[in-house]
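Order as written gives the chain letters A, B, C, D and E; numbering starts at 1 within each chain.
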Amino acid sequence: MGVTPQLSKISQQSPSVFDLHSAHKKEGPALLTSIDALVNWARSNSLWPLTFGTSCCAIEVMMAAGAAHHDLARFGAEVARPSPRQADLLVVAGTIVKKMAPRLRTLYDQMAEPKYVIATGACAISGGPFIYDSYSTVRGAHEIIPVDVYVPGCPPRPEAFFYGLLTLQKMIRDGESLRRPGVRKAPVMAALPPGITMEDLRAELIKGAKGATT
Amino acid sequence: MKTVIVARPGDGNFVSRFFYGVKSLLTGMRVTFRYLVHPSTVVTQQYPENRKTLKLAERVRAQLSFTFDENGFHKCTACHICEQQCPNASIHVMDRKPAGSTKSELDTFIWRLDSCTFCNLCVMVCPFQVLKMNSNFESSVYDQKLLVYNLTPYAGPASSVLMKVADVEERKKLIDARGPYDGPTALSGFPLAGISKQVFPETTQIGAPQ
Amino acid sequence: MTTPPNDSTQSSAPQSTPADELKAIFLTCLLDSLIALDSGVKVREDSSLMSVKISESALLKVMTLLKQDSRFDFDQLQFHTVLDWPEEQRMECLYLLNSTKKSQELLISVSVSREKPQLPSVSKLWAIAEWQEREVYDMFGITYENHPDLRRIFLDDDWQGFPLRKDYQDEFMLRKPW
Amino acid sequence: MVTVEIKTKISSLDERINAMALQGESPLGTQEYFVNMGPQHPSTHGVLRLVLKLDGETVREIIPVLGYIHRGMEKKAETLGYRQQVHLTDRLDYLCSVMNNWVVSAVVEKAAKIEINDRIQTIRTIFAELQRVQSHLLWWGVFGMDLGAFTPFLYGFRDREKITKIFEETIGARLTMNYIQPGGLMYDIHPDFVKDVKAMISYMKPMFKEYDELVSGNIIIQERLKNVGILDAQSAVALGASGPVLRASGVAHDLRKIKPYGVYEKVDFSIPIGTVGDCWDRYSVRMLEMRESLKIIEQLIDSIPEGKHLTMKPGAKIRPPAGIYYEQMETARGIFGVFLHSDGSEKPSRVHYRTPNFHNLWCLTKIAPGGRIGDLVSIISSLDVVVPDIDR
Amino acid sequence: MSVSSVSQDIASHLGSAPEISAAYFVAGLLGTVTFLTVMALILIYAERKVAAHFQCRLGPMRVGWHGLLQSVADALKLILKEDIVPYSADKFLHALAPVFAVVAMLLSLIAIPTSSRLALSDSNIGVLYISAVSGLGVLGILLGGWSSNNKWSLLGAMRAGAQIISYELSATLSVLVVIMLSGSLKLSAIIHSQEAGWWIWRAPGVGLLAFLLFIVSSTAEINRTPFDLAEGESELTAGFHTEYSGMRFAFFFLAEYLNLFVVSALGATLFLGGWMPFHIGNFSGFNAAMDLIPEFIWFMGKTAFLIFLSMWFRWTFPRLRVDQLMKLEWKVLMPIGFINLLLAAMMTLFGFYFFATT
């Protein structure tokens, strides 16, 4: 009976940060580990975003997500700070063009550690509609600043942004540590579809990258 | 042309303005207070908690997917119409010609979620209604490369051709399995615009000058 | 070179309605006044808008007339943009004028050379032209005489080249692969 | 690279600021200073940058610096087919995406002589008006937030969500719709559409009273808006303003009445106009426009004619004859026009968007000087600028 | 219940050795700091929840039960966040400013009696002390805005300075009414003078007017909407604390909420009788029934009501413009305050208020 269509399986059992339990391994003395856990708990639950949005995604991600129907406040993230000094989360919501790129970098540099970046929408991930034939659009925010979580969509629904926020919270809880300030672990592949391991993917991508360079 | 002239607040004298002001402030406070004391006016939908019951409209466009028939086969003939219609090259149909055949068939159907704008043109123009949009919006990832999907689980001809082959074993020979991340980087080696070649750094130094 | 105005209006409006007739009368009146200023006035045929071609030297005179004459009263400049014709080595500058009082629209087209494109600025007549001309300079490299503040509007001041020209190329821009 | 000989002196932003620093003298003899407002600033609605010359709290001069979201859309449009043009305009003024779609579709239909039926026209009109209400609701919320009241923002969005639900149901998108296609619509309306729209209208009508109680009637709002940023009729026309900004100055100019498109001829509605042209007029014009839009929808919703939702095959080639085509419509922010030059091929050889916000923002440089920083914020907000629409 | 405060109790038991006084002072201060930090956390949580319900949403929901631990997480995060001092800032003043802001508030809280037995320092010039010490808070804001070397900060600080100092006047004018009526600057004496009824209703008209005046001007003094010009987000990005991050920003944040508490507690003490239960003249039966509710609860209830009022203003009203703000103070509130003071003086002179003891 043919091949089981894997993709339909994916869409049925969507990868979820809620279902997959953490792969985080405890290291070091128990006290430090539990302090780590506490710190990461605090950081992950208090992500104050910077009020920053360049185009359409800002309406969905910064405004509609914060509005009454979806309410970003449930995650403790409604304290949108207009000053980058006080913000923890930079949501790159919208297209970044060449003229804006240095400013985005400045904003990122002005933020205090620990800081996290979510790229929402096609433009911030890859340039989106302007990936080809545009002389000014930067192809993705990751060309300028390190991005932690990518939330695809054009623009993503507020729920999709929440999913991205949960993904980021999971990353903070699993991967960030008090004892290694500023150093972030390799991303935890929480959002991998079931049946595909990190190693498979890594091997494939390395193979692909080698193929591309040679 | 029918026009209405908008009303302007009265200028009035100081005293009447003062009392109007106090009244207006109290009216405003009444509005907000009404919401405070009526918890039923809360409209918030609690997304992660209501995940099981969350029902989006059927036309919601959040992910492109293939339609499969009851045998798990698709009808795609690799005609490339969707690829041509895609405004920003988010779809790449890679076809192959099996040995001894002149007709090409679908190998991998690459769809870039990272640059897709959900304009629905591919779905509209598909002559065989292979493509459809579904509402699965939960696709956040830590790595951009994971957003390049292969939509087809197997490389092989369309279901119309496959179903002509009666023997199940023979059918299996016509098709090869494909994974969801058989992206073009891995398969053909041509680089995707906007996806840098750097592969998963072990640690990222934050704030390091770039 | 002068096209008889009556012919052109009749050809563009085969079925005559009162509105069309009014438009024809307006256009006749307009063309008569324009020809008095510039003998090279032609009607641009392939346009869905009422449009006339004038010569570069008469631009300012024609525009002043159109703005200030109470018969026309074109009080708004809807847009100013350019068509690039690299094979003919010219650029065609288009001004869409609009009259809020008379509800008329008129497209003025002027050709300039591609090498040394320069036009008089109309920002004295319509204030918005200041930005529109800056945009055209930014995108096509047309410079304007007597412009109060001519600099790039969208791109950085040190940008090289004029991106909306047909032959613009840079290393950054990717072409769609198929 | 083409080298162009430039005869005129081209200045730069720095030179402009330096020149501005030299001119003018403060009446108090105090030192004036420059402040950058934006590109990241909560009240510039995106990435608009304003270089302000301030004298204490008073704004003396403004240089808007544009281009922080200039994406080269007109260049991109030259590489896309006529059908693909539509989705780009979603990203111009994303709050009027259906109306923008309509303009592009209309100009392509005009060029390629595509016939459309009454059903399509009626549905397009209903959606355009729904979007106008939606856009004004969002503006109302953000306006409240800019003036320091956070609650209107949430009430506005709460009610906007009702309309977004309708969009989601029929179109499948919340913001960037790509709904109106050359030759018709992407989908026919959802079976529940009529019912939901009626429910929305009956929900919205009493809400306006609440908005008036909370914001319009508020003394602080009135005092902050009255006689602030006055744009008189003559300069509004000269500065190229359109839409509510122009109408607030007392010029009854609305393309829905002057050159009716869609089915606007058949419906009965009036155009709110202001008298003074200050922020208050711009505010109330929009508040009244929402009511008028609901009136239009009410008249149309029961009598959507039967017919097909797409008069041509979705994949059919569009190849208009060579020529210049222009179409313009009244969006929530003013006149949006699409200029199209076809060379007879499958792709346009030049596309130019005449965007309302580009023209409306220009008014800011003329009306804001003299006010306080707080006035500047309310003026920007009352002009209702959407920055991606300016920069394209 | 005796008038004596805890300090007098302790002093009478242990003698007045300087070490013991010092130890008591430190312990009291630490206790106050802890109490106030917890209080600020609760206030922040309450503000977010109340705001959410004003706006038909839920507010913090996911950290702890109904988001109870939200403020704890925020505080922990802020403490551990990187503390950035801009390169061109005045480093010493930049560090000093948040301390000023918090310490001024802590100091003013010492004088407020929370019940008849619990007042850390019942000074005989309590009201004067509080208005003097809380005036220090503006110094923190001014220093912070100045030392950041940022134009937006400076603008915010200048606005705050002008605003706070202006509104201090009408706040003091309204406080003077109560001082005049009760005839004392000592807070416990003011509370006891309200034994027959709170000043807000006992002095007909004048008390209410003074109370409203106090509410408006104190809202302005603590920079809350509709008077939040110093940090008006849509105008000045973040105002005077634009350049502050981490712990120091947390100090400003803390000071803002402590301010709210202090001002509300002061308002409750002066106009609503502080810890004094609701008494009506010499209706002893009624008064005795009211006395059953503990004093501390009376105090906290009144304070909470005033805090709620402030939150209600904040989530309903838009912000004033800077010139309107000044106009409101100098042309409206000040004259009203003076007239009110005059009326209060006559009232005191002739004993025209309810249950006057003369």
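The working rule: a contact is a pair of C-beta atoms (placed from the backbone, for glycine too) under 8 Å apart; a residue touches a chain by one contact, two chains touch by 3 or more.
In this text, all values refer to a predicted model and were calculated from it rather than measured experimentally.
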Inquiry  = Between chain A and chain C, how many steps is the shortest route if every step has to go to a touching chain?
reply    = 1
Remark   = Ordered by label, the neighbours common to chain C and chain E are A, B, D
Request  = Using mean Cα positions as chain centres, tell me which chain lies farthest from chain A.
outcome  = C
Inquiry  = On a CA-centroid basis, which chain has its centre farthest from chain E's?
reply    = C
Message = For chain B versus chain C, what separation do you get between their C-alpha means, in angstrom?
response = 42
Query = Measuring from the mean C-alpha position of chain B to the mean C-alpha position of chain E, what distance in angstrom results?
reply = 51
Remark   = Whole-Å distance, C-alpha centre of chain A to that of chain B, is 17
Query = Among the residues of chain E, which are close enough to touch at least two other chains?
reply = 54-58, 61-62, 233, 237, 315-317
Inquiry  = Which positions in chain A are in touch with at least two other chains?
reply    = 51, 67-69, 71, 74, 82, 99, 113-114, 129-136, 154, 157
Ask   = Can you list the chain B residues in contact with two or more other chains?
value = 25, 28, 31-32, 42-44, 46, 48, 60, 87-89, 117-118, 193
Ask   = Which of the chains touch, listed as pairs?
value = A-B, A-C, A-D, A-E, B-C, B-D, B-E, C-D, D-E
Remark   = In the complex, chain C touches chain A at residues 154-156, 163, 168, 170, 172-177
Task = Show which residues of chain E lie in contact with chain B when the two form their complex.
result = 50, 53-58, 61-62, 312-313, 315-317, 332
Chain B-touching residues of chain A, taken from the complex the two chains share = 1-8, 10-11, 14-16, 18, 68-71, 74, 105, 109, 113-115, 122, 125-132, 139-140, 142-144, 146-154, 156-160, 162-164, 166-167, 171, 182-193, 196, 201-202, 204-209, 211-214
Message = Touching residues of chain C toward chain D in the complex: what are they?
response = 44, 46-49, 51, 75-79, 81, 83-84, 94, 96, 100, 103, 107, 114-118, 126-128, 130-131, 137, 139, 141, 143-145, 147, 149-157, 160-165, 167-169, 176
Key: For the chain B and chain D complex, residues of the former touching the latter   = 1-9, 17, 20-21, 24-25, 27-28, 30-32, 43, 56-57, 59-61, 81, 85, 87, 117-121, 124-125, 127, 133
